[in-house]
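Lettered A, B and C in written order, each chain numbered from 1.
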Amino acid sequence: MKVFLDYCMWFFGGIILFYMLFVIVSYCTMFVIAMLVMRKRYKLDPSEYDDAHIDAFYSKPVSLLVPAYNEEIGVVDTVYSLLNLRYPQTEIIIINDGSTDSTLQTVIEHFRMKPVDKIVRTNIPTKQVKQIYESEIYKNCILVDKENGGKADALNVGINVSQYPYFCSIDGDSILDEKSLLRVMKPIILSDGEVIAAGGNIRIANGAKMHLGSVTETHLPNNSLVIMQIIEYSRAFLMGRIALSKFNLVLIISGAFSVFSKEWAVEAGGYSTNIIGEDMELVVNIHRLVRKKKEKKRIEFVPDPVCWTEAPQTLGVLRNQRRRWHQGLFESLWKHKTMTLNPKYGLIGFLSLPYFWLVECLGPIVELGGYIYIVVAFFLGKIYYEVAIMLLLLFVIYGVIFSIASILFEAWILNTYPRKRDLLRMILLAFTEIFWYRPLTLFWRCEGMIRFVLRRSDWGNMKRVGIAEKEKSV
Amino acid sequence: MNKLIIAEDLMQEHEVKGYFEILRESVIRSRLTMTAVFFKLANSSQGTDIERHHVNHQISAFLKSKIRKTDLLFQLADGVHWGIFFLQSSEVEVKAFLKRIFAILKQEREFRQIALKASITEIRNNSVNFETLLEKNKQKLANSEQPTWSIEQITDYSEQPTEQVKVSIIEQNAIFRKVLETTLNHLDIPHFTLDVATYEDGYSFLQSDSYKTGHMHLVVMNDILPRKNGLEILHILREMPNEKKFIIYMMSERNSEGATLNAYEGGVDEYIVKPFNLRLLEAKIKRTFARFWL
Amino acid sequence: MIKLSLSFLLTVIVVLLVVLFIFTIYLLFQRQREIRFAEMRDTFLQNYSQHWYNYLINDEIFSIVLVPRQRAQVAAVEIIFSSYLKNIMNDKVEHKIKEFSNLYLKQFYEKDLASKRWSIRMNALYRIADLQIEDLLDTCQQFEKTKISEEEYFQLLKIYSLFQPELFIGKIKESSVHYSESEYRRLFVLLEDDVFIRLFEDFDSWTKNIQFAVIDTAAVKRNMQYIDKLKQLLIHEIPEINIRALKGLYEIGVIDEIDPYVPFVTSDMWEVRLMVAKIFKHVPLNYTYAYLEQLLQDENWWVRSQAAKTIAENKEGIAKLQQFMESSNDQYAIEMAQETVVRKQGNK
């Protein structure tokens, strides 16, 4: 028995150690790539590009899609921030996804919506559209009232109604910077359409002073839980997004703010309605399509902070969010499992998908195992101390050092929180991450996985949850 | 013995008196100049009663046939003066009118007995009352040295009152805002004083309440503004009951046909694409105000 | 082995922590400097904005206080200049800004061009073009010989196009770097007409992106002399160029004859047919109705829709559509006509 336990401990300890080293090395690589990419832009004056491209002559018109399900509070501000976008040609399409609150009335009253007859071309089959309205104040603002069908269905309706070659999906509760669209469209314009989808860098709005769709000041919020999420976002951004984007390996661009070429999105079948992570699903489907048609197209991530969104403030909501994210991730990866290590899909199959499987998806199990190992080793006595301590040190590198590095690097380049006090507070809090935040999120993500495994059988009648639950992929 | 000859179908002095006050006040309110013309028979003492009677009728009928529906013709109590109030007409227009009818009168044989002289008073302020107006004109026309068919002028009331205009500049760029402010502060528009205020976003403008007063209000704003953008302010202002008092200039860096069209449909008076010429803006504003008075 | 890696790990952590600590200190120091920089810039703005107004707009005499003495003040002057240039169009102001920049800002940008940082060099190149610092043209040409990025080369081209169109055309011809259409448009749109029209000469020698950008820029310049050039491109063998030329002609909106467009009604590509349906907006309906009716029965939704819209825009269009609905038996076309009529009447 003792021998068996011994073997077990060495075996698991070895696997976990090896895994941790692997993850750390891959994160380090991505961090270095991100640093090289970002360092170049340090202190570059971005307004030059912005000013040149405000003229309709250089840009392409974009349809902005705002799906709203029970968003009576947030939707008006979101639309305002869209109206304030500096972009030559846009149309705003608000899609009321059969809300049960007064979303429809609020929008109608606020923007003076009048019913209109409009010819809608059904590119993607959707639920029934009840009525289309047009604003009296803003001629480019349209409201579509439809039967409830979930966020993906609402977005598909938006795509059908839209008249421009690009569309941008925006969550009903996020606020955009006035230059967001200009910047997110930049790779698309500059590549003459070689980039067919682009996502922006999502920031957490808690603590920022906002009024009528404009962010006036950014302060670090007081809630530690929110600060931890801010650190997490910036880490995901530096150790992941940028590096993946450089090699056209992006699999997730957040649904909270991303632009797609309509042509490609429609051909990829639009948003899938029967899956949790519809944004990831669309990206993967587009990747598949690109490979199938053997065209040279890219999906990019734009490092500029562009979209502000409210993060969960309480453990309960955060738990829900993370569980769903992870379930969604697992579900999408599982659905496309045949792509993994499939030579047909090139680097996506050999790098991107394995990365998501090993690091993002299965990571929590191993890491949580590591935590359990440390606790168990502590009770089993001296002989395992060394492995445990090593594991602990790796956790320190993985959790603390990477976090601090991201905080500092982001502060250097983007300077989102200009106050010195805020910076120091973030650094101090990063030291505590491995003791509470990390284990908690790991646990929730494992829960998500278990839910995925258990729910697999009742796919078809999985209940749709509204957008109001505020879920955004990091 | 000079029997008064009254044409029955003509308004009389005492009847017009009450109207005059209303007309005069509406001149101020609507900023539309009114011009009064008084005629006098230059040869009133000649001829028999019957002849005079005939002449009188002829003049009344002739004048009546020539005036527009917006002009008010009346006869003075003394029987030898006629007056016309030309609404929404300046002196220049009225002079042209007089020249025209005088030419007809001189040319047509049936009018050969008639000889008239006239005096013109352009009215742009409300410091005149009916009696003084009559008195002054009668005096002018009483001058026997004034030749027949001549046109005299009374300029005492042609000065328009100085009106205060509120100017709101809503622009996000601080330096340009200041430029606009200085430029508009230095803008010299005759008969208007500009009271310039600046705002950096739409919300602070709406908070200021300055747009709720009855003053004429020139709004120079960007189409894209933080917190309530230009198009929404446009809509709010144009929805107000006295929206006519707003003159709205919208500046935009968006050079697309759709945006321009939207703005005009929404009710802007001018849509200016940035960058623009400041002098052009000044000229446009001056022209806008010049149009207010005839 | 484990013992060794344990101490190794510890060392790594300590080293990393120290590095991060130093970086933090550096960052805080840097931030302090940034704050001071911003303060100085803002003081300059506060104190001298009005002076600048007086000098630029009111023609007051130039004062030496306007000259920036260090970086923060240069930044302030840059802000002032960009505010003026972005919002105000006035030759005199532009001239004064140019003169001033050539005299007093030149040395700052010259130094920046030699910087090791790519972003600093880029910023300098932006300013040289924006503020028209012609005196640095030679420096720029020297700079071109060093190892520079594509972005920098693009900015150089922009600078050449402003100061030395001849050089610009030459560089474009020999350039091995390829830019996107929108970038070429940015280069072409500022060219004087006599330089721009030369791009139509040996049109076929250009790369595709340049050809497209030339066509689009011609359309936006709305100069009558380009209409003939575009019309010549209608018989070009590459369909994409035909489409672009059609689009350009549609945007200029001056159609003096329909003969060159008629062959496109029966084109194999629906995009071409769509453009023709659009172009006919600018021609009286009685010349084009026969063709539009044909397009109304097109197999492609967009073409049908556009044809119906074009017809409906005419005064007699609605009547013609109604007439068509009664006589035709093409169900799709009838539906489109029906929808267009309903919509048109609904908007009244």
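Just so we're on the same page, a residue touches a chain if its C-beta (ideal position, glycine included) is under 8 Å from a C-beta of that chain, and two chains touch if they have at least 3 such contacts.
Note that this is a predicted model, so its numbers are computed, not measured.
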(request) Weigh A-B against A-C on C-beta contact pairs and write down the one with more. (result) A-C
(request) Please list the single chain whose C-alpha centre lies closest to the global protein C-alpha centre. (result) C
(message) Taking the mean of the C-alpha atoms as each chain's centre, how many Å separate subunit B from subunit C?
(response) 48
(message) Suppose each chain is reduced to the average of its Cα coordinates; what separation in Å results between subunit A and subunit B?
(response) 63
(request) Go ahead and note the Å separation of the Cα centroids belonging to subunit A and subunit C. (result) 30
(message) Show the residues in subunit A shared as contacts by 2 or more other chains, in ascending order.
(response) 57
(request) Name the residues of subunit B that each touch 2 or more other chains. (result) 253
(request) Enumerate the residues of subunit C that touch no fewer than two other chains. (result) 86
(message) Under the definition above, what is the set of subunit A residues touching subunit C in their complex?
(response) 40-45, 47-48, 51-53, 57-59, 116-119, 121, 189-192, 386-387, 389-390, 393-394, 396-397, 401, 404-405, 408, 411-412, 418, 420, 423, 427
(message) Applying the document's contact rule, which stretches of subunit B touch subunit C when the two form their complex?
(response) 173-176, 178-179, 182-183, 251, 253, 274-279
(message) Using the touch definition from the top, list the residues of subunit C that touch subunit B in their complex.
(response) 45, 49-50, 53, 57, 79-80, 83-90
(request) Could you please specify the touching residues of subunit A with respect to subunit B in the complex? (result) 54-57, 80, 83-86, 88-89, 112, 136-140, 178, 211-214
(request) Spell out the part of subunit B that touches subunit A in their complex, as residue ranges. (result) 201, 203, 224-229, 231-232, 234-235, 253-256, 258-259, 262, 265-266
